[in-house]
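There are two complexes below, and they share chain A, which is joined by chain B in the first and by chain C in the second.
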Partner chain A sequence: MTRLNSVLLNPRIGVGADLAAWRKAGGGEGLARALERPEDIIPTLRAADLRGMGGAGFPTWRKWTATADAPGDEKYVVCNGNEDEPGTFKDCYLLHRTPHQVIEGALIAAAAVRAATVVFYINPHQTDGIEAMRRAVAQWAGDSQIAALERLIGQPMRLTVTPSSGRYIGGEESAVVRWLNGSFPFPRRKPPFPFEQGVNDKPTLINNTETLSNISHILKNGADWYRDLGIGGASGTKLFSLSGDVLEPGLYELPMGTSLQELIFTHGGGMLGGRAFKAVFTGGPSNTLLTARDLDVALDFDSVRARQSRLGTGAMIVISEGTSVVRKVAEYVEFFANGSCGQCPPCKCGTFQMSRLLDRIATGRGTEADRRALRHLCQILPGSGRCALIDGAVTVVQSSLQTFPEEYAAPASR
Partner chain B sequence: MSDRIRLSIDGRELEVKPPVSLLQAAASDGTPLTSNVGCMGQGVCGACRCMVRREGEKAVSTVLACETSAEDGMQVSFIDYFSPHRPHVYDVAAITDSWRVADAVRDIFPEAEHCRHCGGCDRACPKGLEVQNGVALAVAGNLADAADVFDQCVMCNLCTLACPEHIWPNHLGLMVRRAVTALTLRPVDLITRLDEIERGQQPITFSGEDDDDAADRTANRAGTPRKG
Partner chain C sequence: MTTAIAYATAVEALAKASPDGDAELPLRPGQLPRAELLEAYHPDAGAQARVPLRIGPNRGDPCHPALARIVEGNALIGDVDLAALAPTSTDVLVIGGGGAGAAAALAARTAGAKVTIASKLRIGDSNTVMAEGGIQAAVGEDDSLQRHFDDTIKGGHNVADPALVAQLVGDGPDVIRWLIGLGVGFDLAGNATGGGRLMRKRAGGTTAARILSHKDFTGLEIMRVVREAVELDSGITVLNRAPAVELLSDDHGRCAGAVLYDTDHRTFQLVHAAAVVLATGGAGRLHLTGFATSNHYGATADGLALAYRIGARLREVDSFQYHPTGVAHPPHLVGQLISEAARSVGAKLVNGLGERFIDELAPRDVVTAAILRECAEGRGIERDGSVGVFLDTPHLLKDRPELLEKQLVSLKHLADRCKVDPYEEPLMVYPTLHYQNGGVAIDRNCATSVEGLYCAGEVAGGIHGRNRLMGNALLDIFVFGRRAGIAAARQVQAPRDQHRIGLGHVQRWQRERMRAGITDQLLSPVLYPDYGNFELRSHMAAGREG
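Here is the complex of A and B:
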């Protein structure tokens, strides 16, 4: 059995907002190393192969390099804690229980890219997280490490906790920037990327809460240590938000590369009511489903991608035989229809129409024409929006059509 | 070279001879038109709302099928009819105080003040109306100009579908047009015409009928058109 909760969720460091307790538990050492040799920060992350944990799995060092290399001395670091995807519940834990783990990572990011302002952008529904972060941030005022950071950057540091809009699209990077610039969080087309034009039109580094939480540990223990945490070619650990038809749903930190089988049957206690495993909505509701023949997949970014799916946020929504795939997909598409920001009619209208068709099919009222129209929408809609919301909605519909065609068939033929 | 074009509508692969509208193309394979159809090509009922992706383009636009020419390689998806979750109930006859009518609009459409200015309604409108501006004008109390914005609205509901704040812009527009009409004098030519009809000076002529027959029927009709 692999090591559970070894780093980010280690009970030893779940000390809450008390900075002294955080330091007593080993906190602050990563930042100290970073301040000693700031030029080593990004190469260390590169050697560690840390990836973005918010869904994309993009190499963190490349984002940091781009922001560090961007011209100008007014730069921003944003910790993205918007977390509003169905089935994802990892950042709220980190913000509430280990706020200093998040803050220390963000301060190291500030040192690496020379940003004097750090914004913790948090979903307003995470009241515990916001409260803990506010108390935690206040304790860094006048701290000697902050003073050292200010000497490095040559400007006074500013740390703020800002509630986000709480909307699903508010987690998209360009929407984060819009909101922090005082507007409705509308996503926009990229480029320009936030590292080019972000908060106040200045270079901005936006990282997911889990990504930043890993930073202090990597700086403290080294890239080799981090790489060794993973299984096979993968690095580090991953937080998995396990939910659905499992006996013990919850948040699990496991080595990157742990098998889906082990997550569900060893840690998650297996299937609810002894029912057979049917499928898992991998990485949240906007990805390709994995089925029983994928139980052996190693849960890391590259291995999951090799199965034409994505690890995403690490959300794993498990369903068993007896749970309707079409019903679940209909729920998710309705979520996307409601979350669509309105800028792009094909996204708003397309998710609506897919939602209507799915609802008819899921309740046994669908016709052959409905099924054909749904498949047709999956061809028309991809790429028609400014952001990836519509693409995600299409992906889950298309995947379920391919994987469970029998569930879409007319009731009489089931 | 074939003079026919191929397109797909709701997943049906069709081959048609241009020029035809998307609505004609949709009916060309004998599929019964039981929904998404109303005025049969006059562009006034708004029932044939659909999404269109043209060959080689990523963009998807919202159009009325009866007003859009079928093109080779087009992909078309019709959008269902739908009704409001919460009907807007009002009595235009009860709106008699022009000083209070802007308040009435805001009471009946409270969501209108929450417009987030995403521009989705403008992009969705197949008639090219400045829907968002119309809503803003109505919220600001400028009902006459708001009514003008919605003058060509055919109630296709695409703006409503596109609106993330559930404003129902076309329904707001209709209410504003009704209220403005109820509170203002009718156009002088309309008043004159109805007056002439009532006095039997202007017989209504139906095509294909003799003028005399029509004149007789108009004269014999129990309920002649009323001004209103």
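Here is the complex of A and C:
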């Protein structure tokens, strides 16, 4: 039996910005547990094996521990809701439909790391999400749980909703910090990490919206419950943004470790028009393509990585035999070229050149020299940026070049 | 099996019944009320005439069953077909090379846009050239816009969009001036060389003499003039033999161009445009309900299929006009139109018993239903397996023999091809599928419910309600063709944010088809009649082998 939408997308808790309705649906209990035994929060997350859902899959407890252990009593928690990648549409749902689920998780984070300021950093294009979050945050003013939290931290709590720059690059951790410090969201080299030098140069914990949404449930139901949600060695659930050539695109919450086959054919209604499955661009779309032989892959961070790809944000852009890989890659690389902040010349020029070459190839004007140049760029560009943007762009190009070389061939030779 | 009266017997009956001199054959007494006649005999009536659409913006609305298959059809192409195609860019892409398309192209040019006009056949190959009777416009001193408006609304059985009709009649005089300015020579009353007044004729269903004509090949003359204007304009790129196989949409769902099929080079051609004007005409060559058609070879409802798939609303797509007087004999000319001009100058319709059974100047649908009734009830005339009624030319020409040479030139040509001497022998006629009354819903500026997509001409609906008056189609295509061109050119100036152009709407469409359980794999637009034996993929493949 599959458990669809069992936790974060459970229709019972999709109550919107009404705090009383959230509590009636079982909300607030996780925070209550956390406030009872704040020292147990991080060990519980560790036992639960909660990972960062923004794409990295980094163990959440480590970030929290690092921030909690950082010296100083001015700390920040930032909920990263910048979500801007093509094909990813999970955070917007959580912010709009379950704002208190997000807030409660962020408050528990504040309790764990002793941060008095919580910032909800949201893509300005998500107007519904910002609106719901503003209304939801206002309802926590003067709440008894906030008072208990203030007693724990010893400072007055501040919750703010801040529109992000709306740029793709603005979702990168160090860019988040820059923006919140009043500058253009240029990513920077790490270290220092945000837990060392974040907002106002103070220790800052930055978590993705989906990650924070899981927190209250784990605190409420326990680490074992969370681990048992997953399949095989994986823990919990994952939100999958399914799109492309499937009958029923949409947002699906499934146990972590659900197979790609099940996501597409059981939940996504199968391939559009009954056409053959060709490939999946996974969350980013800045990762290695999954192809037909990967249909059995368990969708969890480790299993997907074992196939030399990444689960990323959980975005699954499915394409069928009727869809051109090169056109898609050209579209995504153009997106990255647009999204490059421009501070690292190899990224600024590299994404531009790749986009130009891909456009020529995708419109039948590419020469052999163009194809060669593209391959060369894939070799020299990786690792040349302060952030991972250029690496992601190269990965998707290289992967498609390797997997679908015939689509890159000159039209006459096909 | 209905019976009919043998041709020879019918000719005798006609001769016997014909009165002498100027006297007219009296109408048979006991006429059926018009509503009853339409309900019982018009092809649009009855349960078989419509099915509800299962998908798309008009889900649940009635549509002709054969047309429904086409508008609900699957796309001819997919995303992969766009790979390795270099797009060309234009401001306004006009699809369709008839009168509406040409007018749209010229108007968009005048408004400053760069224009590409693509035609499935060649520019000018259209129903426009077949419009024989003339063009309506309230230009007479005894006429008014109001009367033209009232006649059109009434003729359309009160379901036409009053705003569209007001625009139609209001722009009428200006369109005539525009056409004369381009070089159209309308017939003049009295002394033709004296720079006299425009000659006006009476059309069926109208209250004033309002038809302007050029002999009885008005459409051909007008199309000749506007086609030359289009071809002489260096700012208009003309693409002949390039049917549109799909529209392009951007990621906001706006129409952003089209995919054409270059039949010469057997490749697809991608045209990006800020606005698209669909002027693809009607659906006669689908031979709905088995009727012959007066339409030209390209009238296969392409525009309806394309517009519906990208999300444009349709209206009255269960309503068609069957012209009462299509040729019924000889068989190879079946369906060819005999202009209303013949009836408007006085030719009568007579059944196999020599009876005149209907007022010939009643609206077309009424006359059609009356002819179908005569044939259904055994009073039709049979010749070599074809059934019809007589168009009594001998009696008309007996006293006015000059009519044939002066005003009914096309009729004379057609009679020659039928090997009939109209002075001696009546023509056999039977209703022919003539016009698509409904179509894509538009506003006064021809905007559809899809941003960036405009429709003009027969592909658009709402102007003629459920029945069109003679001469209003020629007016319609130039009034709305020009308006579409101007509105499309204006779209060019509207800033657009960054967007990607592709076939997103086709993906949505296929999803809808699957959800509705539609398994029919018919691909549309069909591009050519089924006896054209054209299949896109094999046509492309044949090119590669050659």
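The criterion applied here is as follows: the second predicted complex is superposed on the first by the 413 of 414 C-alpha atoms of A that agree within 3 Å, B and C clash if a C-alpha of one lies under 4 Å from a C-alpha of the other, contacts with A are read in each partner's own complex, and residues count from 1 in each chain.
As a working rule, contacts are C-beta pairs under 8 Å (C-beta built on N, C-alpha and C of every residue); 3 or more make two chains touch, one makes a residue touch a chain.
In this text the structure is predicted, and so the values were computed from the model without any measurement.
Peer 1: In the superposition on chain A, see if there is space for chain B and chain C together, and answer fit or clash.
Peer 2: When both complexes are placed onto chain A, chain B and chain C end up side by side without any clash.
Peer 1: Classify the contacts of A:340 with the two partner chains as first (chain B alone), second (chain C alone), both, or neither.
Peer 2: First partner only, chain B.
Peer 1: Just chain B (first), just chain C (second), both, or neither: which does A:352 touch?
Peer 2: first
Peer 1: When the two structures are overlaid on chain A, which partner does A:29 contact: first (chain B), second (chain C), both, or neither?
Peer 2: Touch status of A:29: no partner.
Peer 1: May I ask you to decide whether A:384 touches chain B, chain C, both, or neither, giving the answer as first, second, both or neither?
Peer 2: first
Peer 1: When the two structures are overlaid on chain A, which partner does A:186 contact: first (chain B), second (chain C), both, or neither?
Peer 2: first
Peer 1: In whole Å, how close do chain B and chain C get at the C-alpha level once superposed?
Peer 2: Distance of closest C-alpha approach: 13 Å.
Peer 1: Looking at the complex, which residues from chain C come into contact with chain A?
Peer 2: Those residues of chain C that touch chain A are 74, 78-80, 82-87, 498, 500, 502, 507, 510-511, 513-515.
Peer 1: Residues of chain A touching chain B in their complex?
Peer 2: Spelled out, the residues of chain A in touch with chain B are 184, 186, 340-346, 348-350, 352-353, 356, 369, 372-373, 375-377, 379-381, 383-384.
Peer 1: Enumerate the contact residues on chain A facing chain C in the complex.
Peer 2: 245, 247-249, 269, 272-273, 321-324, 326-327, 331, 338, 361-365, 407, 411
Peer 1: Using the touch rule from the top, collect the residues of chain B that touch chain A in their complex.
Peer 2: Touch residues, chain B against chain A: 8, 10-12, 51, 53, 58-62, 75, 77-80, 82, 116-120, 123-124, 158, 161-165.
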